[in-house]
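Lettered A, B, C and D in written order, each chain numbered from 1.
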Amino acid sequence: MNSNAMNKLEGIFTPLLVPLDERSRIDEAEFRRFISWLIERGVHGLYPNGSTGEFTRFTQEERRRITQIVAEECGGRVPILAGAAEANVKETLSACEAYAEMGVRAVAIVAPFYYKLTSESVYAYFAEIARHSPIDITLYNIPMFASPIDVSTIRRLALEFPRVIGIKDSSGDLAFMMRMISAVRPHRQDFSFLTGWEAVLVPMLMIGCDGGTHASSNVVPEVTRRMYDLFRAGDGAAAMQWQFRILELFDAMLTPWEFPDGFRAAAELRGFHFGRGRQPQTNTQRAENAALSSTLQCLLADFELVERPAGGCPVRASDDSQDIVRQVVTRVIQDLKKKGRI
Amino acid sequence: MNSNAMNKLEGIFTPLLVPLDERSRIDEAEFRRFISWLIERGVHGLYPNGSTGEFTRFTQEERRRITQIVAEECGGRVPILAGAAEANVKETLSACEAYAEMGVRAVAIVAPFYYKLTSESVYAYFAEIARHSPIDITLYNIPMFASPIDVSTIRRLALEFPRVIGIKDSSGDLAFMMRMISAVRPHRQDFSFLTGWEAVLVPMLMIGCDGGTHASSNVVPEVTRRMYDLFRAGDGAAAMQWQFRILELFDAMLTPWEFPDGFRAAAELRGFHFGRGRQPQTNTQRAENAALSSTLQCLLADFELVERPAGGCPVRASDDSQDIVRQVVTRVIQDLKKKGRI
Amino acid sequence: MNSNAMNKLEGIFTPLLVPLDERSRIDEAEFRRFISWLIERGVHGLYPNGSTGEFTRFTQEERRRITQIVAEECGGRVPILAGAAEANVKETLSACEAYAEMGVRAVAIVAPFYYKLTSESVYAYFAEIARHSPIDITLYNIPMFASPIDVSTIRRLALEFPRVIGIKDSSGDLAFMMRMISAVRPHRQDFSFLTGWEAVLVPMLMIGCDGGTHASSNVVPEVTRRMYDLFRAGDGAAAMQWQFRILELFDAMLTPWEFPDGFRAAAELRGFHFGRGRQPQTNTQRAENAALSSTLQCLLADFELVERPAGGCPVRASDDSQDIVRQVVTRVIQDLKKKGRI
Amino acid sequence: MNSNAMNKLEGIFTPLLVPLDERSRIDEAEFRRFISWLIERGVHGLYPNGSTGEFTRFTQEERRRITQIVAEECGGRVPILAGAAEANVKETLSACEAYAEMGVRAVAIVAPFYYKLTSESVYAYFAEIARHSPIDITLYNIPMFASPIDVSTIRRLALEFPRVIGIKDSSGDLAFMMRMISAVRPHRQDFSFLTGWEAVLVPMLMIGCDGGTHASSNVVPEVTRRMYDLFRAGDGAAAMQWQFRILELFDAMLTPWEFPDGFRAAAELRGFHFGRGRQPQTNTQRAENAALSSTLQCLLADFELVERPAGGCPVRASDDSQDIVRQVVTRVIQDLKKKGRI
């Protein structure tokens, strides 16, 4: 068990993309290089087997191997939150045991998916796991993909099971997060609230979140870390400036890509080889994605994290300045400052 | 390969419930007894690893074991359509190979779930499988649980891949089924259209469907078979009479249960032990389900397939007759006949 | 009160499009010509102020004027079902009174829209109207636009209020229609079930519907009438043949147009001038719609109801025959007949 | 034209509830008393004919009368934003003209509802209005009730039409608001961004919103004003404290009531008589609402704005303290402060 075991989960956890080799197997060497690169750039924790990590597209054995590699390469440098959802409670508990032995800080378990369950069944599912798990559990709410976990279910689980130590919510709904915080925090100071929607990380921190698990931190770990640090240092204005910039990048990686292909393409631009994803693509899609990748390179170049593409970056549509991003951000921030809002 | 291999898929395929023992393992003896009981009651085919079979709650190995048991017990008496969706294309193809060797007639593959994919990606996924599968493939469209398969995607797949021989659609949308039939049948006379929504089986047959895969046939295989036979024999009026009756039973098994627990509970009343499902239940749920089970027994008693419960059946709410089901059906049918509609 | 007043609502009611002049006023002369043309082509009834009639885009006064024109021009030749929903119960009742005096057979009242109400409130709304209305009422369920009316609410209203004499349902959901029929018909033989989704008119008739209100009957009244007559005459096969053909036309009028612009454009091809709709269009839209209108003309030419456009009709995409519609239909129907299904 | 005419819309605008007398007519005297009471308690502006004001349940004439009363009673003390959506563009423009003459600052126009329109049509609708309006226009986006207005549509309208001076967005989606601000503010410093979702007012101000239109300000105008002032004064911590408290009240008024009945009931507790709403209620609903009203009184008593009900307030469920609201808030805020987040 690493030294972080007793601490509350805080900061930015990277939901790890998984590099594949030309035969679609886990590319272990590249994965290890990527993991260390992320830690060196300041992510607070690692999160294998999340939605960004395409956990549903790996086998049970591969999910364990992924966590094993992460645990080994991490070597206790940062805490690990490992996705442990398997086909049923028994298999999930077996994964919990395996991950506990590997020294991960906690597991994250997504609500049951495919079937859309009632709140009572979602409660029953997590309660059964929490009753027997040898390791701390983070609930994972992602209503666009899985059965929703509502506030009263979260409250019930938090109050009844000390093993349930946090929730990762990917809805991006601030009012929902506030309702959860109101319902749980007075009773569980140790309970962690993490947002999975980096589009609103800074506002989420403002209302009391403890951090986030952000796909973008695979691509720009320096930026997500900086946002977090600026906010914690009390410089909300600067944090918001980065928030507006990260939103533009996030949107470009999110659509029109299939998730998480835009994040894979952008992380490739940072010098890693992720290979073809496991979801097949048509030739049309491959051609489109290559074009989209060039757009991503221009955006990352604005962050001064990669070079501009050889062909240069287009003047942005319907604007007469090549520097509109900075302009937009600058004006917004000036406006906010003028009003004393940040 | 069994003798049905070259035939078009037709009739009622039972999406098999799986009996579990007290340790939540597949209860093989009970499963074999159930399989033979179904065949004896006239189902046209067997469909392991469907949504009714809770395929997502079993492991990869268990799904193969289930198909193996079905193939052995069936012994070629009826064709088998085996659900073969696994974590990714490679694993799915591996299942296809295994099932081909077991002598199943075809596999059914659900559209990618969890992630909601675009039509182009759904096409790419099935195309990659169809390109390499050693066995015929039925597409499985269930938009409430998985990425939707739209008409143009179905048409592309049907026209490009002879291995794709049918679609099972669980949307229950007749206009959608008609659109599929219009788009595909002129080009592929061998292509099968199966509905997964027994609430409208007879109307679906009327518009040209070849049959269905119906959870209800785990419970009342005699009835679903009779509906089908009556329709094929040209007696639409009688088929519709049963359709109205099956709808009431179907609705009672569907809500307020979690799917497919209502079907499990009703099949238990036919003399099989299905055990506790793998989705945990609270004590509250167990108590409610016991009460609901008594309602199901009364409904099945109306079909004269089981005895009434010892406590008797309540007079139906807000009606003054104990025999309202038959009254309703009779009046509806009389009305239809009077108008020369059936 | 016209001679149909005591009869059950049956057959095809046309939800009337409203011609506008160049100043966007009701074009009364053209409207009267259109009404008589429809009656001469055999529609069973007229339905002003429906969704197809864009009732929300007219003022309270205009809706009355529309009904007045319809009543006058109709002159008792066919029954009128007039949309009477106004801003609130009091205004709606005032419209009911006015329409009763005009001699309309019944009013149709859509469930409350904009706000999405609970079942209890939907019940309260219709109950308050039914309690005071001087004229028979048809409930109008269109869940994609308005608060849904569920089965138990319909049952409550049908059993408590003799003034409520029918439901027009535009969901296109056959199972839902069967549930309504089961819940209401045994208690109310006079209650009318009308479908607003012509894509499935024939299947709806097969399960016991009394007719429909179909936007398509503004365009091809001869066809919707023929479908209905063929079915009532016991020739389900021929009725289904027309159902497949009307579905293709319906789909072409439905998307990618804004509703009901595709129906307006197609009705123009029958020789009426409907003018610009009240929802503004961009130049881009106007150009696209002109092109789409040519597609509609080709479809209507297939029905031999209009001439082909001067530029001819394109060979249908990805087919090598100009006569694919008939081919499709013929093969589908042959297939159905071969199986003794129709 | 009042003195605010040239200023940007900022602060809290109250979407006015409308008192009705025992015959369901506008209770003008009570309405005037209410308007002045709100102004005295510090709301920055008045917003008649919004969703809270049930604009769809009044007639065209009543909506004008409502605005007239507001304008007269307001007497230029605060700016007025008047909902001007009517049945079609011509009627809407006529309302714009009338409201301009009454001296209102701007009109708010909801996107077309009932029919769900494409972005292009939403653009066409607002463009046609903006081209001819004699008064400044605020777009009103409320996707749960009306056609959504997307970011590119807002950008087009803002860049092309100086008359379009702001957007009121009731989605409560912070990322969406940030996207709008990024897309428009660099080009239109005068453009106002107002949130209609008070659950997240303070976070919305943090990202750069100019204010909000909040149903809650009918009930606790002192509180919404205080939240706004605290934030503008740089005391984010205190503003967030009130945000957490207002969220609890907001949620209690929102469900299980029909909107806006919970707000009507709560505003009654401040000493005004709003009468029965125009949407009928069943006896069951009336009894339930009376009970819920007592809950609201307890919540308002926590704000020290009304007396506790005679029967006292119950100890909150599953808590052993009567003072849990303050506890919750205090702990949350302490926690935020400890981390230097506010």
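Everything that follows uses one rule, which is that contacts are C-beta pairs under 8 Å (C-beta built on N, C-alpha and C of every residue); 3 or more make two chains touch, one makes a residue touch a chain.
Remember, it's a predicted structure, so these values are computed and weren't measured experimentally.
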Euclidean distance of C-alpha centroids - chain C vs chain D, Å: 38
Chain B-chain D separation of Cα centroids, rounded to whole Å: 49
Per-residue multi-chain contacts in chain A, two or more chains: none
Overall pattern in which the protein chains touch one another (line/ring/star/complete/other): ring
Chains touching one another, given as label pairs in label order: A-B, A-D, B-C, C-D
Interfacial residue positions of chain D with respect to chain A in the complex: 172-175, 178-179, 181-182, 185-186, 189, 197, 199-200, 203, 205-208, 231-234, 236, 240, 243-244, 247-248, 251, 324, 327-328, 331-332, 335-336, 339-342
Sites on chain A touched by chain B in the complex: 24, 51, 56-60, 86-91, 112-118, 120-121, 123-125, 127-128, 144-146, 258-259, 278-282, 284-285
